[in-house]
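Would you mind keeping the following structure in view while I ask a few things?
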Amino acid sequence: MQLPEISRQNLILLTGLTLLLAAFSALWMLQGLPPEGNRSFILKLRWTKLAGLIVVGAATGIATVLFQTVAGNRVLTPSIMGFDSLYVLLQTSLVMMLGIAGVAALPVGEKFLLEVGVMTLLACILFGTLLGRGARDIPRTILTGVILGILFRSLNSFLGRVIDPIEFAVVQQNSMASFSRIDANLLPYGLGLALLAMVGAMLLASRLDVLGLGREVAVSLGLRHERVVILTLALVAVLVAIPTALVGPITFFGLLVAGMTHGLAQTARHAILLPAAGLIAATMLVAGQLLFERVMGQAAFLSVIIEFAGGLFFMYLLLKGRIR
Amino acid sequence: MRLIGAGLLLLLPLMAVSLGVGAARIDLGAVLTDPWATLVMTESRLPRTLAVVLTGAALAVAGVVLQALVRNRFVGPETTGTAESAALGLLAITILAPTAPIWIKMGAAAISAMAGTAIFIWIIRRLPPREVMLVPVAGIVLSGVISAVVTFVGWQTDMLQYVGTWLMTGEFSGVIAGRYELLWIAAAAAVLAWFAADRFAILGLGDSVATGLGLSPKAVLRMGLAVVSVVTAMTITTVGMIPFVGLVVPNIVARLMGDDLRASLPVVAIWGAALLMACDLIGRLVIFPYEIPVGTVLGVLGAGIFLWLLYRRPARATA
Amino acid sequence: MIEISGVNYSIGGAQILRDISASLPKGKLTALIGPNGAGKSTLLRLIGRLEPLQSGRISLDGMDIRQTPTEALALKMAILGQQTHIVSRLRLRELVRFGRWPHHRGRPCACDHTAVEEALDAFELQPLATRFLDEVSGGQAQRAHLAMTFAQCTDWLLLDEPLNNLDMAHSRALMARLAEMVAGTGKSVVTVVHEVNYAAAWADHIVALKDGAIMAQGAPDEVLTEACLSALYDTPVTIANHNGRPLVLHHA
């Protein structure tokens, strides 16, 4: 679809975001690098973390935009609907079935792929039922998701206690987000899967534009609504599993990113929205981590600050009457 | 009356089991003669059982009051920011005046809980009136925001450990004589709520109805806030966060016997106690001699009941 | 021709449609009329495959709507449901462009552009084309939806109460345009109308539904009789004649 007057504006937006991300990434890699000594070691360490932050950000941002299009609502996010709690629960269930030693014996990559596979299946069944026909009663759907989230989290700690009341804390670590602990072994798998899912999302972009018109209009335009919904939910599941596996669950980050994306990119075209969301989210994480880790020396705060800001943003949307 | 009887029939045996179950083996018949058994009973088993009953009853009553104030059935003290606000107040007073006596700390927690709940009510009065389901969502998000603040402050001041015990899932395993008596204050607040039951019921019908019947909505609101806050603050500081009791018990009772609060509050209290007692026992028995916190058990069971309620009753049903 | 045979439909135990059999002629303007809750919209939505068919068979120009791929159907018929809130923030022209999507599926060409501009012209939307959907009035948004349906350029148009939100002048203009299209280009229109006089003035064929069953169907003269309409709406009506068409009078 040719939209000359808007597409130039969006071109500037995407270019600007890319440059901004590149600038922060360069700063991240090079800032305060010692003139000699362990330079290559430090660079490698920084590179791992940078890649992790970008993957986590981009996956979360894109997953949220995708999910909001499926749900037909600008407030629902995969995290609010309990996607990441489901993933954490899945991880614990795996421990339950195989035992701590059994899970430890699994190769990291295979275990991750297995989890993502099961997660995708479950998410499609569960949220496909909940949202398949375009969620008529949206507030109730939100509430259901929130409660499902609580249910998954409680089940998770329940299982955790049953598995091993003493080593409970180890299992429980999964349920707290930390951007400082990015698993380098998992990163290549996360990166690969995220790239695949993003390409898939871009291929769906035109169909997603139609999906954004609501079920009725979409069906009338000949879109295979159910199939696109399920495909999109599968992509969302993969894109949520990656950041959750890498850093843990982050509830409100996606909402913040999606809100900013729709505010900055004045378009409904997913070909623009999806990359914009990915770039915005990655830039926010890299810049935020740079600020907290290097400037303020307190790396752990970023996730707390994001939750706080995201929660306030949600309240703002609620009070402005934008949530319906 | 039948519901009270049924509740007691459930609660009393559960209490008896609770007195009998524990890591230490004692002979129940010898409680009066064997000094060791007497000690276990009076120092640990009895306080724990009483604590569970008091907490369950008080939280369920607080849930009813809160639902009347907010005019929405889908809220409870743990989904309105009340509990997190109490923790914030407690944290603040512990930082500012570490040596303050316990009653000052409790007072700070209660006042802060009241302020948090007032903010919640302010927010939801600004929501579109027909958006019933958004009210609990707003509450849960507000809880998240306040809890982020608490975590942040706790982190900064190296007090995360305390914060953890308040905000994490509540449990009764630490309850011994001398460490639960604050819960009697919560129970007293619940009794107070029973005396004012008619006022809350009328407020639940709307500000204009209340004014028309000669009640001051603001005064009733303040009293309700006080009850909810005191109950929540005492529970949080003694045993931690207990989810869903204040949410599901009032809903089930209202489904069975309607909203005549004077008649239903005692039923709510007994059933709340019975539910919590049952969950505490489950938590104590599943991986005996270890324990699963009652908050976790309730998180699973309560969420299940709640989802059932959500899809059973018509979507628009308000208080 | 749309052929409907033996269609039943129920939601949660409530029977909405019972044993509907009808054929809607090609190249005609067909109006579905009937009291509230008669099942008019449901029938239209079943034809437009917005709701899944529970029993019976519906075919459009010989294509079974259950067997034919939805993409192919979108090239044959366009259905406009009652307006729903669209989350995407769209300008009116962008919305109308989606009407071409079944033809290009993401890769538009010049002919798509022409069709969009024609549809915008037809509904007098050019001055509003760059406004956002949530910034225009209900009637203007309704016209934009109609323009999108027109831009789909299908043989069949199914419209669910298209006059909602439209003022008298625009309602009249729409009905006149539909009638003209049917007469001039051989297209076929099926529309649910709430106000029976719009059917009386413009329709070639009328299907009257009551309580989920067809009460009468045929040419306007056959269906719009005093006996039939009085029974249909449980209200006494008088039929007058205005410029050679029936006019239904039911005030006092």
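Which chain is which? They are A, B and C, in the order written, and residues in each are numbered from 1.
Convention: a contact is a pair of C-beta atoms (placed from the backbone, for glycine too) under 8 Å apart; a residue touches a chain by one contact, two chains touch by 3 or more.
Quick caveat, the model's predicted, so the values are computed rather than measured.
Novice: Which chain's centre, taken as the mean of its Cα atoms, is farthest from the centre of subunit A?
Specialist: Farthest from subunit A by mean C-alpha position: C.
Novice: Report the most central chain, judged by the distance from each chain's C-alpha mean to the global C-alpha mean.
Specialist: A
Novice: Which two chains are joined by the greatest number of C-beta pairs in contact?
Specialist: Counting C-beta pairs in contact for each chain pair, the top pair is A-B.
Novice: If you average the CA atoms of subunit B and of subunit C, how many Å lie between those two points?
Specialist: About 55 Å separates the centre of subunit B from that of subunit C.
Novice: If you average the CA atoms of subunit A and of subunit B, how many Å lie between those two points?
Specialist: It comes to 34 Å between the two C-alpha centres.
Novice: Report the inter-chain centroid distance for subunit A and subunit C in whole angstrom, where each centroid is the mean of the CA atoms.
Specialist: 42
Novice: Can you list the subunit B residues in contact with two or more other chains?
Specialist: Within subunit B, no residue touches at least two other chains.
Novice: Can you tell me which residues of subunit A touch two or more of the remaining chains?
Specialist: Correct list: 324.
Novice: Which residues belonging to subunit C are in contact with no fewer than two other chains?
Specialist: Where subunit C is concerned, no single residue meets two or more other chains.
Novice: Under the touch definition given earlier, write down the residues of subunit A that touch subunit C in their complex.
Specialist: 1-3, 68-69, 72-74, 205-207, 209-210, 212-217, 219-224, 262, 266-268, 324
Novice: Please output the residues of subunit A touching subunit B within their complex, sorted ascending.
Specialist: So the residues of subunit A touching subunit B come out as 137, 139-140, 142-144, 146-148, 150-151, 153-155, 157-158, 161-162, 165-166, 251-252, 300-301, 304-305, 307-308, 311-312, 314-315, 318-319, 321, 323-324.
Novice: Touching subunit A in the complex: which residues of subunit B?
Specialist: Per the touch definition, subunit B meets subunit A at residues 74, 123, 126-128, 131-134, 136-138, 140-142, 144-145, 148-149, 151-152, 155, 169, 243, 286-287, 290-293, 296-300, 303-304, 306-307, 310, 315.
Novice: For subunit C, which residues count as touching subunit A in their complex?
Specialist: 48-50, 70-75, 78-81, 84-90, 94-95, 97-99, 101-102, 105-106, 108, 113, 145, 148-149, 152
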